[in-house]
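Dropping the structures in below, format is structure tokens.
Two complexes come next, and they have one chain in common, chain A, joined by chain B in the first and chain C in the second.
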Partner chain A sequence: MKFLAARRRNPIVALGLLLFALVVVGGGYAVVTETQPATAAMGSQTQVEDGERLYLEGCSSCHGLQAEGTGNGPTLIGAGAAAVHFQVATGRMPLAAPGAQAPAKEVIYTESEIEAMSAYVASLAPGPAIPSAEQIDFADADVAEGGVLFRINCAQCHQAAGQGGALTQGKYAPSLMESTPQEIYEAMITGPENMPIFADSTLQVEEKQAILAYINELQEAPSPGGLALGRLGPVAEGLFLWTAVFAALIAAAVWIGIKAR
Partner chain B sequence: MTDITPSGHSSDHGNQPERLGYSPVADIPHKPRVTDIDPKAAKRAERQVASMFLLSIIFVILFVVAFVGIDKSTAIYIPVLGVVGALQVALGFTMGVAILLIGAGAIQWAKKLMPDVEVVQQRHDMNSEPEAAAEAAANYQRGKEESGFVRYPIIRRTLIAALALFPIPLIVLLRDLWITPPGESPEEELSRTAWHEGLRIVADGNFQPIRPEDIPVGGLVSALPIDIMEIQEEEHNLNARGKAAIILVRMDPDQIRSQQGDNWDYQGILAYSKICTHVGCPIALYEQRTHHLLCPCHQSTFDLADSGDVIFGPAARRMPQLPIGVDEEGFLVARSDFTEPVGPSFWERS
Partner chain C sequence: MSTSSPVETAGAATATYVDKRLGSNRFLGRNLGKVFPDHWSFMLGEIVLYSFIVVLLTGTYLTLFYKPSMVEVLYDGSYVPLKGVMMSEAYESTLNISFDVRGGLLIRQMHHWAALIFVAAMVVHAFRVFFTGAYRKPREFNWLIGVALLTMALAAGFTGYSLPDDLLSGTGLQIIRGILQSIPVVGTWAAFLVFGGEFPGTDIISRLYAAHILLVPGLILALITVHLMMVWTQKHTQFPGPGRTNDNVVGYPLLPVYMAKAGGFFFIVFGVIALISGLVTINPIWIFGPYTPDQVSAGTQPDWYIGWLDGALRLMPNWETVVAGFTISWNIFIPSVVIPGILFTGLALYPFLEAWATGDKREHNLLDRPRNAPVRTGIGVMAITFYGILWIGGGNDLIATAFDLSINSLSWFLRITLIVAPPIAFIVTKRICLGLQRRDRDKLLHGYESGRVLRLPHGEFIEVHEPINYKELAVITSKTDYSPLPAPEKTDADGVKNKKYLIQKIQHKISHFYYADDVKKPTAAEIEAAQHHAAHDAMLEAPLHEYEDADQISTFHGGVLHHPGMPETNAEQVAQQENRSTT
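Let's look at the complex of A and B:
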């Protein structure tokens, strides 16, 4: 005890106590909020009502009480269920802060809550529906055809290997490496933010499935050399050599040149 | 060359150089190293160098062990690198470290233990010996006389004439730099594409004709003329495809501020060339909210809602627009060819 008594005024102790208090309060709060009942979406009508409640709580401050849109957010009338599912299930909505583009982040709603919100927005006016399981099933799709279509329609922004790329004024096309087939399909038919819409009429369902198969191939392809460097090929590799390796060579040259003490 | 005086003495400590019979020690102050003064430090440096060489031996042995012991299909996870082939990483790492340690040991040896006293190395005279110079001059004179360069003036003159005329074939080879070849100029070639009145527009990829209602507001379609494959086969190249490639975008007609011609759109659907007017990169980075078209090569940005004008970047010309309409069956068609050259700028136009 003498050991403790001698050190209780140490600044480290105060820091430790502060951390402990923060963990207890924050953790306790998380436990309390976790216990809120998850919305069980049974009937379609209840789902729409639940969705409306969630909408009014989480979305109406920017998108308006009747989803008519405000200065801070566009109208959602006619946006469709697919747009809502894409934006909320990737964590892009609700927006944390206004900026050039909404980044994907941690999802704060459960899947059933997201479906309820999608059902509510879909009930306002017809719009693109959430794709069915058959629509996004790419098991029989042609990967090579998907590669051709990806390069014609997607690669200009998302890069030939789906790694994403920059657009104007802080906007960007995100990487597709973590995207699910459903999210990709929804993005194609709804055109989130500045992405153009690739409707089923011009890019047919089978063609979209081929693209999904190609992206799946990209996601699962191993990288035998390790450290893929964005799969950009010789440019990225050359840049790496010129910077990292040349820095190491210069450091070695400096070491050789320094006179020993 | 007089400022470095060769001198037979060392200023601070009369150690190694004279004893080893080296070049004269330079007459500048020399600061001894720790290893020169402290025998313990010298011993430690000796151990360092020897252990680097020893470690190199160990890594060579590890290389052999890895070569024999690791199956070439084994994959391992290494942080930062990701999943990599274990054999390749092991061979590269052990061989690299073994070579590195030999080099590092040698440098450490030179820096810490080998003498580091500044010494003078005398330069020898740059001139040849007088006898050698005289002999060379005599050789030249004899060659001149024996070859008969002076004695046969006709040979001399014809040789000079032949050498003077020799560059003429090279000039002929380079004539294209200033003489326009017969046939079409680049301007004429780029002014005419595969588009003509009534030609159907098809989507690149599936080559299906497009109805206006197929493209929603905010939609983007990469498109080509319907007969592009036949032209391509006929010409055996991709020039026609490169020139005729277009993008179709649809926006709310109220948002179109200007176009290159009156009503060149069809209900808000606009057709623009897909080839950047700067140096000709294919360009389809279309932002559906801002209506900006961004070229990935040099960031030229075109405003498709405002005649395709350049709003940023090095491109000097607007993006050429293709006038479009529908045929009697309701499919999108071109109303004429492009009215200005597509593709990159060239000499004949700025």
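Let's look at the complex of A and C:
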């Protein structure tokens, strides 16, 4: 170490570091671009076979060996790649335990495994495909129109600020604050759990993109009024009032009251 | 006057100048020295007053920019996610106040937070008045004014909540319309009358505006004035303590002590409101969007003070009856009209009911300790429990999502709790009060537990009790012992039939319910007997002190335990000290 430490200011070191950085960046780039064509070639035969193997291991006990469905799970024939991707990539599937609703949890498959399973289910029968990058690109979408559409179609379950809300019998509309555009788009076209399906005939692609843009606005816009209190509305405000604010006021009253004694 | 400072001279000159024109010196001289008793809980009413002042000031600023109109306009302000959206002028102007008026959002948030504090402080102030029995004769009318103020505060709050015409407030108005419609026979017409036709119509915002900025605050101001004038003329009640009786007021004069305290507290309240309004969002109307009747958001709730009514509505089973082709919506009428009607009527009439039921017609200027009125305290806690469960019901959807519960099970749990919990709360509170009364009685008889345990020569362990100090003694002995009214006779001694027999019997039963379990204060003879016991304890402990420092004994024992050679009385002690100083 002493040898290296003594020479760390040597001009050659900078060159060496530069080379090292180039190798790492270039090598990394090569690895990334190499995997790209694999995902692009959706539904290749090996992918479907991989997917089938993963399906038989992880899904078939509930959805059936032929994906025909059992008493514990619906058929996946015609469910489509988007449904599989949404359910598995958000951790909802495989289900940890039966309950009112499948909760989002830690994802146990890699992205390529999920795509393989999606390809397998898509190979069984046609269904909604995983949305393309253009479909979920909301850069040119109208945020204000998205807001109107969100309040008409989404807010009654997911709440006006997208914080989620309760449904009957322990079911719920989840918060959208951590959802990616792809997940939201997939949910709209597949209607997971209690959610209705918003097909292109109901909400056109541009309208879906506007909703994506508005949800993105809800996720990223700062709160101009200060601390947002979870954007849960008057209940959170009332809780804050009766705990923090009232404690402060009563403490002040007690303090003034004590001083005179 | 020759020795007075220039400030005093100038002040006197000013006072004289004003007095020559208004004759004010006599009034001020009489009133500025008025004495008020001191306790932190007497300042809860001040929080109400100060937050109301903040509400008035900020509200005035908001009226400069707010437009009470339901005309549809295209939004073109600086909040991008709503640009180009159609909305009412009321909502547009509220957005402009939030984003385009200098300081507008801060003032709006101050107005809203101060309004929430206004109602909250009013409720807590009412708790103080209730649990200490401050509403008793001669202050029943002021209690009624207080109840009127509370209803006016709810009206002010709700009309204000509705003005921005956002999705949240519009949904609230839609519920109000449903409540109006649920009133049998006149419901539909009442709703048409209020909204000027079909919901939402084009009139409601301007009507609410007139109520919110003129009618309701005018009434509140007038009522607050009368409320304070009555406190002034009737004098403030005080807690029991040394030297405090039913006929005096022990405290400090208005000038300078309370002027300084109240003035300072005003700035604290103002400061707290400004601080939270600068740091914490309230009612982000831009998130909820403009109101249209075809939209609703999950988790739509009213502000906290209407939450219990929303909860009542949520918990009520879905009961309806159809009479001759007309539907009577019990599912809305009972929780929204009947329950608040009963609660507010009960609240207003309680002082009169209690006075009648207990036959207590005396004046009360000395406050009760809550424990000394176990039934009243129990009824209060019972009402708070009932209210609290309805309040929780108002947030049942958020509780369900936050704790992974089924909203259906939660609602059933709350429905059952609403009926079961209040009586339990009553019984538990009453027992706690009686327990505390017994402890007070024990303290009078045997003193407090000193924490020193003695082992007697034959092996028995005792704890040494010591007499309580004079402050605590005054507080505990302030208790008035009440007895239930005697059972009425059917006929009097001359055989004349008692026409009021039935009503007196009810009165007897209720007063029995109020006072039968009361723990009586010990009599003088009982206290004397008990003091012998204390002296006996002291005697047992005395030998131990022979080994201790004599000074310590006197500080520990407050004049009851005496080391041999120590003075027995105050007079002896003074004499001894004088001897010491002369020698």
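Throughout what follows, the second predicted complex is superposed on the first by the 190 of 261 C-alpha atoms of A that agree within 3 Å, B and C clash if a C-alpha of one lies under 4 Å from a C-alpha of the other, contacts with A are read in each partner's own complex, and residues count from 1 in each chain.
As a working rule, a contact is a pair of C-beta atoms (placed from the backbone, for glycine too) under 8 Å apart; a residue touches a chain by one contact, two chains touch by 3 or more.
Treat the numbers as computed from the prediction; the structure is a model and nothing was measured.
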- request: Tell me which of chain B and chain C touches more residues of chain A.
  value: C
Task: Once the structures are superposed on A, label A:G165 by its partner contacts, choosing first (chain B), second (chain C), both or neither.
output: both
Message: Touch test for A:L249: chain B only (first), chain C only (second), both, or neither?
response: second
Query: Is A:V148 touching the first partner chain B, the second partner chain C, both, or neither of them?
result: both
Query: Given the touch rule stated above, what does A:R231 touch, chain B (first), chain C (second), both, or neither?
result: second
- prompt: For A:I77, is the partner it touches chain B (first), chain C (second), both, or none of the two (neither)?
  reply: neither
Task: Could you look at A:S223 and tell me whether it touches chain B, chain C, both or neither (first, second, both, neither)?
output: both
Contacts of A:L95 with chain B and chain C, given as first, second, both or neither: neither
Message: On the A-aligned overlay, A:V107 touches which partner chain: chain B = first, chain C = second, or both, or neither?
response: neither
- request: With the two complexes superposed on chain A, say which partner A:C62 touches: chain B (first), chain C (second), both, or neither.
  value: neither
- line: The shared contact residues of chain A with chain B and chain C are 148, 152, 156-157, 165, 167-168, 173, 223-228, 256, 260-261
Field: List of chain A residues in touch with chain C within their complex
entry: 100, 142-148, 151-152, 155-161, 163-170, 172-173, 214, 217-218, 221, 223-229, 231-238, 240-242, 244-246, 248-250, 252-254, 256-258, 260-261
Message: Touching residues of chain A toward chain B in the complex: what are they?
response: 148-149, 152-153, 156-157, 165, 167-168, 171, 173, 191, 193-199, 201-204, 207, 222-228, 255-256, 259-261
Statement: Residue positions on chain B within touch of chain A in the complex are 33-35, 75, 78, 80-85, 89, 107, 111-112, 116, 203-206, 208, 210-211, 213-222, 249, 282-290, 292, 294, 296, 299, 301, 312
Task: Within their complex, state which residues of chain C touch chain A.
output: 38-44, 46-47, 80-85, 98-99, 105, 109, 113, 116-117, 120-121, 124, 167-168, 252, 257, 261, 264-265, 268-269, 272, 276, 278-284, 287-289, 294-304, 307, 394-398, 400-401, 404-409
